[in-house]
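Both of the next two complexes hold subunit A, though its partner changes from subunit B to subunit C.
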Partner chain A sequence: MKRIVAGAGWAYLGAIYVFIVGPLLFVCAASVNGAAAFPAAFEGLSFRWYRAILNHPEFIAATWTSAMIAAVSSAIATAAAFLAGYAMLRGRKKEDPVLSTILASPILVPQIVLSLAILQFAALFGMGTGLLGLLAVHTVHGLPFALRLVMTGLARFNFSLEDASLSLGAGQLTTWRQVTLPLLRPSLIAGFTFCFILSFVNLPISLFLTDAQTTTLPVVMFAYIESRIDPMLAAVATIVVVAAAAATLTLERYLKIRLVE
Partner chain B sequence: MPELVLNRVSKFFGETVAVDDLSLSIGDGEFVCLLGPSGCGKTTTLRMIAGFERVDTGTIKLDGEDITDQPPQKRDIGLVFQHYALFPHMTVAQNVGYGLKVRGHSRGKIDEEVEAALSLVRLGELAGRYPSQLSGGQQQRVALARALAIRPRLLLLDEPLSNLDAKLRDDMREEIRRIQKQVGITAIFVTHDQAEAFGLADRIAVMTHGRLRQMADPVSIYEQPASALVSGFIGQVNVLKGKIVALDGGRARAGIDSGLEITGIAANLGPGDLVTSMIKQERVVLSRHRPAGSENVFSCKIAARTYLGASINYQCQIERQTINAIVPNHPAFERFEAGESAFAKWSSADCRMFHA
Partner chain C sequence: MIDATVADRPLVPPLPRRHGGLRAALRWRTGGLNGLLLLPSLLLVFLFLGLPLVVVVISSFQPNVLLSFEAPGFDNYKYLLTRAYYFDVLIRTIRLALLGTIVTLPLGYAAAMLLLRLSGRLANLAMMGLTFPILAGPLVVIMGWMALLPARGPIFGPLVALGLISPPRILGSETGVLISLVQFMLPFAILTLYTSLKQIPRELYEAADSLGAGPVQSFLDITLPLSLPGVLSSAIIVFSLGASSYISPHYLGGAADLTLTTLIAQFILATYNSQLAATAAVLLLIIMVLCMAGLVALVGRFIRP
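Presenting the complex of A and B:
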């Protein structure tokens, strides 16, 4: 009986790994498949689809744009999350449920609606599509996730350390620089990285805000699929997955920061 | 010249009064304990002196300078926290040197002062450790060294011993007193533990419900409590409610609700006044033979006894009145079993009567 239960447990665990990692392996395999179609039977190891990316400058340009948008919006979202969380928890107060629900509300709105809403909202201020709108929507989208991670750190932060620092003669800014921020560093880096990855791979929130000059990688990929499907997309996807996995592993292994608690 | 003066200081949290019209003066080099039950406003008072809580009304002066509205980082007041509050990402030396570093002192000066502060608390050899590698007692020493390293004008300690186990607490108490005397610094120590307050303080300030009830040296607080509130909080007392039947100078006879008639010390009371009489439990003497004298001598039955090691606690029944007596566990004192008959006696000087 014990053996059956243990066996079922392993099978369950196996199934989880297969369904999480399996599709990724499939994409990876397709990216190094020499075949011209996608999906297709394996015809032989080839890196032609990776080389093909180099002939598509729009992919390269969009990658830089996405990286820039992800970096700036994550930095803003993490900083805003720190300020909001700090204000809520400073003075040993309980987290304000109304405020944190409002701050988390972008999660509750379908992302495509969020994109449309920011487009209209930006138009109110005379801004059309383009970089500013994209930065805005990515920041709004990232904020709830950054907030969760930063709040986890703040909830464990001992605010009497700030009192100690003040009583020893340090000003508020020095106290932040010497005590608060160094101790919250893991949550801040985790919040930033999580936002960065979420922003970098997100398609729907950008859909209505890109224009000819400024477009993100997922939008370019989406446009590409509409005209044809070939393994070059798998190659692009593999690069993104490998980069994200490398970043996550580096954080967990060398900085001892867990992205998901 | 008094060093720290609180003048009519009050603090409100919404509708509740945390500190109510508190005035006190603390002299140079004095060690004062703020003693009271939790929620009595003692920690709020400390935090106002440190600058972490705004003073709603009243003023605080330090060395003649009004510091009421000064931010904490300008006050030069050293603080030792209940939970140590050491910076976990800094070594012991960095913790102790922190206040000097943010003041912009040179490396050499910081190293020198850190060494002096650590040797004062006898922890020189642990300078390179992180707080997580230290025991609770060692962490509290580091916290003390850190607070003293800035050479503060005043040292505040917020229940610094309450996280330590009993034996360590006694050692640390002695240590704090030794260091305070050696440095000659004025210190305020907040605690709810009477033994701590009596063992440390030059003067004790007893607070309840946000108010200062009495401020005096430990002997006066214990022997001449100013009110029923102070008397009830300090030591272990028998509380008897009744009415004054006769007065003779400072001495009064009171009829207790349970039917006894007792003699005690009363001030500002008149015949017919309702009184609360307080008798310290260790001042009740038990004997098998009727003791000499007639005042406050009652025959009683031992209803229960609790063996406490250093002492034995007897619950005595005098007619309808229950009196507790704490008797040293020593051959010089008679011992009783539950159910035995005995005589209970206490001196009228050990029975204080206050307005009910």
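Presenting the complex of A and C:
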């Protein structure tokens, strides 16, 4: 009887995982199917849809734009998060709840409202859509995530190491460079990576802010799906999935950082 | 959203019991160097979130040339709230988010309890599996659903062919949206509940066991009451994810099944009515705040101090 109950439990958990990860794996599997439709019966392993991406320069250009926006916004968000987290935790055991709520507020606002807000804000200054608005929205969207990861690192950081360094005659900046930042490197890298991935795959925050010259990969995919959904798109999606998974696994394996604990 | 899953920190830290107010907190915090260090991130939030949101609120009261509302006022709100079509959009947004939350929480709770029994490498992998769809992005996941859910797709196709069921209409219906919402919400719910369940001291169960309590009784007397704060925070996260979800209703809902998020997009991308878009955005924010306050009041009553 007990074994039946336990078996049912594991079967349930398995079903939940199939439900959560299934659609994703289905897209990945469809991308290496040689068939011309999506979805289609399996017609043999083929990478022709990956080669087909090369005929769509708009996807390649948008990938670079997305990567650039993700890199710049994550770098700014992680740096600002480090400074804020440091100020909140140095010399104190607990962060200030009011301050952390303010800094976490970008996640409480629906992403599409974020996009709308930046659009209407930029219009006040006669600015249209484009790179600056995209950078602004991606940075503010990434800030809470960077802050969480940096704060986990800071919570474990022993601030008396800084006092030791300061008392031995090192200045504040030298102390940061030689003591604090090296010890916090894992959580800074995790914060940056997490921000980067979330920025790279995000559609709604960019939705109203792209223009003909500057457009992100998810927005190009969005426009493409409107007309048709084909295995080429599955191939693009699979590349994104594999890259995100590879980044997470690398972090876990070589830096012993987990995005989720 | 995802930060709820990082370590044992809550999504949004609880407000202090006695509010000293923002100014007091800033004064306390911003002595000397600390103020300077906080400046960049506070400035980011103020410039790229605070001020823009104020602009949205103001814009929702602006005259609307397209509808020939010539003076500033509540005309945009009146317009959206008195027309059955738009009012339905509002109700649909709440209904989908609430239904999603109601379905997701028990499913996630059971999964989190089972995950607690895993350990070592397997537990690690299981946790990473949960973040997989979050990191891949909802757009990719939605493509999967768009391929899987058609009446003659890989899931229902064989059943229809065998004559077991009549072709279901899942795509382009609220059911489709709900399925993908639940799938999107589950990892967040599981991760939050897992963290909360993990904090219950094992000794309590040993004590209950030695006093002769069965599994059902120790669940009702220990697990459930002690995990209620976790249930509350995951309900808040999951509800706000549901109400602010754009991609699921856009792709899986029917053309007539708009939610507030897709309505905002329609106002901006199709009908170019930015005042109504702002009004819909403010309504969405109000709904979210009200529903979360409702959740806190409802579940909070059962939480023992």
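One rule holds for everything that comes next: the second predicted complex is superposed on the first by the 256 of 261 C-alpha atoms of A that agree within 3 Å, B and C clash if a C-alpha of one lies under 4 Å from a C-alpha of the other, contacts with A are read in each partner's own complex, and residues count from 1 in each chain.
Just so it is clear, contacts are C-beta pairs under 8 Å (C-beta built on N, C-alpha and C of every residue); 3 or more make two chains touch, one makes a residue touch a chain.
The structure displayed is predicted, hence computed values, not measured ones.
Peer 1: Taking subunit A as the common reference, can subunit B and subunit C both be placed on it without clashing, or not? Answer clash or fit.
Peer 2: fit
Peer 1: With both complexes overlaid on chain A, does A:183 touch subunit B (first), subunit C (second), both or neither?
Peer 2: It touches subunit B, and subunit C stays clear.
Peer 1: Can A:54 be said to touch subunit B (first), subunit C (second), both, or neither?
Peer 2: In the superposed model, A:54 contacts neither subunit B nor subunit C.
Peer 1: Counting only touches as set out at the top, which of subunit B and subunit C does A:170 meet: first, second, both, neither?
Peer 2: So A:170 only meets subunit B here.
Peer 1: Once the shared chain is lined up, is A:212 touching subunit B (first), subunit C (second), both, or neither of them?
Peer 2: The answer is neither, since A:212 touches no partner chain.
Peer 1: Mind working out whether A:1 is in touch with subunit B, subunit C, both or neither, as first, second, both or neither?
Peer 2: It touches nothing on subunit B or subunit C.
Peer 1: Name the contact category of A:45: first (subunit B only), second (subunit C only), both, or neither.
Peer 2: A:45 contacts neither subunit B nor subunit C.
Peer 1: Specify the partner with more touching residues on subunit A, choosing between subunit B and subunit C.
Peer 2: Counted on subunit A, the partner with more touching residues turns out to be C.
Peer 1: Tell me the angle subtended at the Cα centre of subunit A by the Cα centres of subunit B and subunit C, rounded to the nearest 10 °.
Peer 2: 90
Peer 1: Tell me, in angstrom, the smallest C-alpha to C-alpha distance between subunit B and subunit C in the overlaid model?
Peer 2: 11
Peer 1: Using the superposition on chain A as set up above, list the residues of subunit A that contact both subunit B and subunit C.
Peer 2: On subunit A, the subunit B and subunit C contacts do not overlap at all.
Peer 1: If you look only at subunit C, which of its residues touch subunit A in the complex?
Peer 2: Touching subunit A from subunit C are residues 1-3, 5-9, 11-16, 19-22, 25-26, 28-29, 33-35, 37-38, 40-42, 44-45, 47-49, 51-53, 55-56, 59, 107, 110-111, 114-115, 124, 126-133, 135-148, 153-154, 183, 186-187, 190-191, 240, 243-244, 246-247, 251, 261, 264-265, 268-269, 274, 277-278, 281, 284-285, 288.
Peer 1: If you look only at subunit A, which of its residues touch subunit C in the complex?
Peer 2: So the residues of subunit A touching subunit C come out as 9-10, 12-13, 16-17, 19-27, 30, 38-39, 76-77, 79-81, 83-84, 86-88, 90, 95-114, 116-121, 124, 136-137, 139-140, 143-145, 147-149, 151-152, 155, 194, 197-198, 200-204, 207-208, 218, 221-222, 225, 229, 233-234, 237, 240-241, 244-245, 248-249, 252, 258-261.
Peer 1: Where on subunit A is subunit B touching in the complex?
Peer 2: 158, 160-161, 163-171, 174, 178-179, 182-183
Peer 1: Which part of subunit B faces subunit A closely enough to touch in the complex?
Peer 2: Checking each residue of subunit B against subunit A gives 50-52, 71-79, 81, 83, 85-89, 98-99, 102-103, 146-147, 150.
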